[in-house]
Structure formats: C-alpha cells, structure tokens
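I'd like to ask some things about the structure below.
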Amino acid sequence: MNPKRAWTRPVVLLACVLMLAMFPLVSETFYIQLLTKVMIMAIFAMSLDLLVGYTGLVSLGHAAFYGLAGYVLARVSPQYDPASLWTTLPLALGACAVFALLTGLLVLRTSGVYFIMVTLAFAQMLFFVFHDTPIGGGSDGIYIYAKPEVKMGGISLLNLEDRKVFFWLVLGLMAAVYLFLKRVLNSNFGRALIGIKTNEHRLQALGFPTFRYKLASYMLSGTLAGLAGYLAAAQFGFVNPEIVGWHTSGGVLMMVILGGMGSLHGAVLGAFAFILLQEALSNQAWFGPFAKHWQLAMGLFIVVVALLLPRGLLGVPSLFAGKLKREPGVE
Amino acid sequence: MSEAILRAERLTKRFGGLTAVNEVSLELHVGQVHAVIGPNGAGKSTLTNLISGELRPSGGAIHFRDETQFIHDLAGLKSDRIARLGIGRSYQKTNIFLPFSVFENCRLAAQSRQPRAWRIFRGADGYADVNAIAERSLQAAGLGARSGMTAAALSHGEQRQLEIAMCLATQPRVLLLDEPLAGMGSQESQRIIELIRQLTPAHAIMLIEHDMDAVFAVAHRLTVMVNGEVIESGAPAEIRASLKVQQAYLGDAHGGTDD
Amino acid sequence: MDTAFFFIQLLNGLQYGLLLFLVACGLTLIFGIMGIINLAHGSFYMIGAYIAWSLASMTGNLLLAILLGIPLTVLLGMLLEALLFRHLYARDHLYQVLMTYGLILVFEELRSIVWGDDVHGVAVPGMLSGSIPLTDNLSYPVYRLAISGVCLMLAGGLYWLIQKTRLGMMIRAGSTNREMVQALGINIKLLYTLIFALGVALAAFAGMIAAPVSSVYPNMGAQVLIICFVVVVIGGIGSVWGALLASLLIGLTDTFGKVLLPEYAGVSTYLLMALVLLWRPEGLFKRI
C-alpha cells in the first residue's frame, strides 16, 4: 500500500463508525433494528472470512456456532427475567470454542470439497439435536423474553432493552472485532494462515505444523461467530433450529464471497449488501406480488455474480476499469 | 571424514504394484555434496520426498543426527517435524508463495524457526531476527534487489533462486536440492553453483541434477539411480569411469534438460 | 422387537438406502468425473417428485407420469449443463458452491411459484398397490419392494455401464485424465453433458418413485442433499461402490434409529460420519 495514503483507510473507517454511531439519533426504530441486524451479520461474516478468505477453509456449516451460542443464551436465561451478560456471554462463547475444538479435530482431517460437506453435515447434526432431542425446544424454538442485563455491583451499566443502546453495543463490538482481526491477521499467526491458504503444502514443508494453525483459526472463527449468534438471539428474542440451518450457513458464506474474500471490510460490505438486498427485494411496496418470491431474484443475482465476478463485489470497479485480474485475496 | 548426519538405509517406496524406490541407501555428511543422478523416472524425486517426510517409506529406515548427537528415526514423521529438525528442501517444480512479495516468502520461511504464534497482537514485520535471516538468505541467493517484488512477477530463473533462498531461510543443516538448476540459463546456473560451493562447508547437501557439468563441479560423491535402484555409488572420478554408469546414463544424457 | 417387525424395518432401511444411492450416485459421479460440487443436486430430487405429482394428477397414472417425466429431466440436465455448469469446470470449488447455492434458491422459488408450497400425496400405481403378507398380522407393501427392486436394477445397470462398456471406460478415463481422453478424439464435451444429465435424471427419478412413500413437500430437496453429502463423505468421492455401501449403512442406521431411539435418529447419521472421519477421512473407498 502506498505509504503516502496509508492514513486514508483509518480515517475512512473512523468516519464510517461515527456516521453509524449517529444513526440511531436520527432514525426510526425499524431502521435502527435493521442496521443492528446488519452489523451482527457483519461480525458473523468477518468470523467466516477469517476461515474462508484468510485460511482457505470453505465452511458451509458456520451457522452451527452462530446458532449454538443463541441456544445457550436461550437455555441458560431464566424464563422471564433477564440473564446476566457477564455470565451468559462467556458461557455461549465457551460452548462455541469447545464445539469448534471437538468438530475441528474431525473436520480438519478433510480438505477441499470434503471439508465443505462435513461442515454442512455437522451443522445439520446440531439442527437435529435442537429439533428432535430434549436439549432444544423442538421446532417451535425457545423464547428469550428479556434482553441480557449488564450490571456491576447491582447498578445497571447498559440498558439493552433500549434499542439505541443495543445498537451502540453492537456497533462497538463490530468495530472491536474488526480491529482485533486486523491485528491478528497481521501477526505471525495471521501470516501463517494466509500461507496455508496460498500453499499449505509448502508451508508445512517449511516447518509449520499447519494442522494446529488451522484448528486455532477454526476455533477463533467459531467463537466470533458465536458472538454474532448471541447478539442475534438477544436482539430477536427467539431461537429455533433454523438458525443452525443451511440457509443461515449459506447466507453468511454468500456474504463473504460477495464481499470479496480475504478482506475484512469486504466481509462487512458483503453483509450490508446481502441484507439490504434481501430487504429491498422482499419489499412489497416496491415489488408488489414479486416480493414474496424475492429469493428467486436473489438466487439469480448470486448465479450471475458467481459466473462473472471472481473477486466478488469488490471486483466491480476493476471490472469496469477493464482489468479483471485473478488474484487470491491477500491484503 | 565426519560421521554421517543423515543416513538412509535400504529405503523402499511402493505405490501399489510399482516400486519407485528399491532398497536405496546413502549417507550425507556435513561439508559434502552428495549428488544423485539418473534418468527421468529413476525415483530421485521420490527419494527426496521420502527423506523430507512428504511420503511414507514402505520399507527401510532414515536416521538423522542432530546437534546433540541424538539420532532421530525419520520414518513416519510429518514433513513439518522433519523440517524443524533441520532438514530443508527445495523443489524441482517451483513451489513458492506466488502472491507474496519476495521478501515475505523468505520471511515466512524464516518465521518457521521462530513461530511466536501466540503473539497475536504483534505485527509480523517487526521481528528483527527473522527479518535479518530473510534478508541474508535473499542476498545469498542473489535476490537482494528483488526484495519488494511480487514473487509471481519474477523470471523463471529468479523464482528458482527464491526456491533456494526460502530453503536457506529455515537455517537447515541438511539441504535437499531437487534440480535447482532446472530451466536456468548458464549465468544463473553459475551463480547457483557458486552458492552451493559456499554453502558446502557448513551443510550436508544432497543434490539432484541433470546438469552434469554442475554435478562434477561441486559433488564429492555420486549415487546413480536407475529404475528406483542404486546401480553405482562413489567418488566422481570412479563414476565417470564406470562402464555400467556410462551404459545406463552418462553416455546419452550429457547436461540434458528434463522433460 | 420380534422377527417380523425386524424384517420389516430391515426392508425399509434397505429401501431408503437404495433410494439414497440413486441420488448420491449422481452426486458422486458428477463430482468424481467433472470435479463439480453441486449443492442443487437435491433440487433435482425435488423437481422429479413434483413433476411426478403434477403429471400424475393430470393423467391419473403415476407410471405414465414417470415415463413422461424422465425425458423431461434428462433434457433439463442437458440444458443446465450446457448453459451453466459447463462454465464451472475449471473454477474453484468456492464458485461452484456459490453458483449452485444460488440455483437452489432459484429452483425452490420456481417450485413455489409453479406448484405452490403445500404438501402433496401421490397415489401408489394400481398394480403395485397390494401387500405381501409376512405373518398373520403384518404384511409388506408391494410398492416398497418395487422401489428396492428398481433401484437394485439401476445399480446393476450402472455397474455394467461403468465397468463393462466403452462409454464406461471413457467415463473412467475422463475422470483421471481429461486431456488424454480429448486427444483420443472422444468428444469430452458431449461425454460430460451426458454424465451430468444422467446424474440429474437419477436424482429426479428417485424423487419420482419415492413420491408415494415420502410425499411431495418443499424441503425434500435440501434434506436429501445433506444426507447425500454424508453418503459421499463416508463412501468416498467418485466411488459408486462406496456410495452404495454408505447409502445402505445410513438407510439402515436411520431406520432402526427411528424405531429404537427416535429422538436421536436424526443425529445417528452424523455420528456415523464422525466415526468414519476418525478412522478414514478420505472415505471408505476411493475413485471409480
């Protein structure tokens, strides 16, 4: 990157964060909630980008962690009272880390297409656990009637029932995840992951125990996905087996690919684009009777993107500039 | 004559019905270049893969003596474990990180010895020791001026140089060089031959090559393989004079390129 | 559990497994030979079922519907291959996943638009609607036996095709060395189109004959797809034998699981997969 312009990116990012921060003050509830949902998806997408875009492991089962965290919150929360964020969040994240460790030891024995299939399969396994067994609430799901509370010494620090406060919490967490991942990806560990994506065979021959690195990436990725799932469950107030379903996994993978992999801000953009596109296409005011079948338009859009754009939406400018290079995503 | 640092004993590799390497024994000593020559398909690359751990032997043993004089049994170890013991290899088919810069290729290779994987908040570019090793390796391989370029933009010969530089950056004691001169012009070849000469005193080198001039210029010992077997092994002069070898190989493969 | 009941579950499990095999076979062939992972493969199963239902409703005869439906699905397969899938051969699996995921959405919505979202039953064809008595109280439906029989015949036919014919030889060669096959003058484009169409037709046919037994409902495609993935993982990609073995294994595990431990039956398939991953990550068999 050109050193003279190295300052532009942080400035742009800061500006975006500030603009987003002011959003709830000028907007109505529906849009605040929508944007909160989008930012939660951005966290989810970034977590998957770590795995897909940087480590080169294409998972079609990432919803497993997303949904698991939500279910943990739902099961641990008292029937009608708020649960403590301090206890439920670490518990949810811990569950995801453990699940990632156990399944990672198995799925990472495979690669390529097998990996895609087994990750999908394990998420589906979780679907059946929540759908059929007593652990989940069956297909009806479980309600979370009160948002988690953030208290210290009996004093409420954040009132998450207030949509604006919840928005700012999510915004803060999204920014924190972004900065965290940026740092991590620039560390020795991050470079090794990118090395794995680029040429795992050589990296291993150089002396890196690549399995361990992949497992660590898988666990980190799963835990961050759990953070998104926890927030989503808290926002929505409801969990059901669909949240570990393949539609959820497929959706977040689409966000990552559309946003251009190997780029954190691409993942965020992908999440924004995907959800907003979804909202637009299903808007009855705009599309009338077609709105019900928005998935058709979405599906066609995805097919077209897959056929034409190797670099996702970020590749659009270079497509117009006439130079469409095929580069693996490395920043 | 120092003790062997690496000894392969009756190494064998079978792929189903095909025996690619059949009871091959050889020794590597520090300060010596041991060249392995033979026609294409003789099993030389397979042999290299067996030693580097990328393939599992079907039979035989490989022993490595480390600095503390402890003998490691390499058979069955993973390639990363073997690399960390101090055995580095370069590839016949260029196997670098194409999208990375030349420097990053070497830096990553050097990082393998100082992984510091837990330091997730410290930037990878900030480790002076690793950077220094990467820089030295690039200089040694003659790529100092190309440091900032993307590896994919290098010429073929320069990519072969990078192959070797990466191998050097892992600071191995044993170097397994698989056709380092493949596809190189004569000037570049000279450069690599000179590099091998410089490296010889402190390393044990196994050199697979088709370029006979280069082989006879640097090798202290030759092993000739045909169809997976060793047909002759000894000093260069002996091999040059051997009728068996001339019939099998040397006569018609004078400095030829591979296919 | 007495013998007759056990026997019935055994037959059910085999029948389910054999149906799975038809669908999984197409998936594994398409991947093994053309290197394409197709998430929309389950949609073909669903499309077959809905075609069978709608044609059966129109003609009043399931067998006729199937007869009419098969060439339709073959045509569909050839069209899809020529227009879309052909472009994916050289691409990264990621883009195959992306495109075929988009296709799932398209197929599901088209199905919703054309046929609606209701669950439909399909009547068993007249001549196959009887039952074979097993004991004084229990009998087994002829139609289910017919399904198993047809699947076994197809399995045998596939084996013969792949192992004993020139086309099969080209298929096997094409999967290992595409350039060589082309150099030999064999029209690889046509070969791939045919193989793809075969895979689609097999999946659709499975959906058609399964319709009376499992009903016709919106989510049937996705369900069968994921199980097929497990079949391919357990059996090994590109291996038809592996697909057969794995399908039967899963069919039996799932069926017996449902009667013995109904709450955990759904999970059992995946536990099986986990075991295989522990023991043999590349699957039980390899390649064709």
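As written, the chain order gives the labels A, B and C, with residue 1 at the start of each chain.
Quick note on the criterion: contacts are C-beta pairs under 8 Å (C-beta built on N, C-alpha and C of every residue); 3 or more make two chains touch, one makes a residue touch a chain.
It should be emphasised that the depicted structure is a prediction, and the values quoted were computed from it without experimental measurement.
**Student:** With chain centres defined as mean CA positions, report which chain is farthest from chain C.
**Tutor:** Measuring from the centre of chain C, the most distant chain centre belongs to B.
**Student:** Select the chain whose centre, defined as the mean of its C-alpha atoms, is least distant from the mean of all protein C-alpha atoms.
**Tutor:** Chain closest to the assembly's C-alpha mean: A.
**Student:** So what's the Cα centroid distance for chain A and chain B, whole Å?
**Tutor:** Measuring from centre to centre gives 43 Å for this pair.
**Student:** Just curious, how far off is chain C from chain A if you go by their C-alpha centres, in Å?
**Tutor:** The mean C-alpha positions of chain A and chain C differ by 32 Å.
**Student:** Taking each chain's centre as the mean position of its Cα atoms, how many Å separate chain B from chain C?
**Tutor:** Averaging C-alpha atoms per chain gives centres 49 Å apart.
**Student:** Enumerate the contact residues on chain C facing chain A in the complex.
**Tutor:** For this pair, the touching residues of chain C are 31, 37, 39, 84, 87, 93-95, 97-99, 101-110, 112-113, 222, 226, 229-230, 232-233, 237, 262-267, 270-271, 273-274, 277-278, 281-283.
**Student:** Okay, in this complex, where on chain A does chain C touch?
**Tutor:** 52, 58, 60, 106-107, 109-110, 112-114, 116-118, 120-122, 124-125, 127-129, 131-134, 246, 250, 253-254, 257, 261, 293, 295-296, 298-303, 305-307, 310
**Student:** Touching residues of chain A toward chain B in the complex: what are they?
**Tutor:** 183-184, 186-192, 195, 198-199, 201-210, 213, 216, 327-328, 330
**Student:** Under the definition above, what is the set of chain B residues touching chain A in their complex?
**Tutor:** The touching residues are 52, 54, 78-81, 83-84, 89, 91, 95-100, 104, 108-109, 111-113, 115-125, 127, 166, 170.
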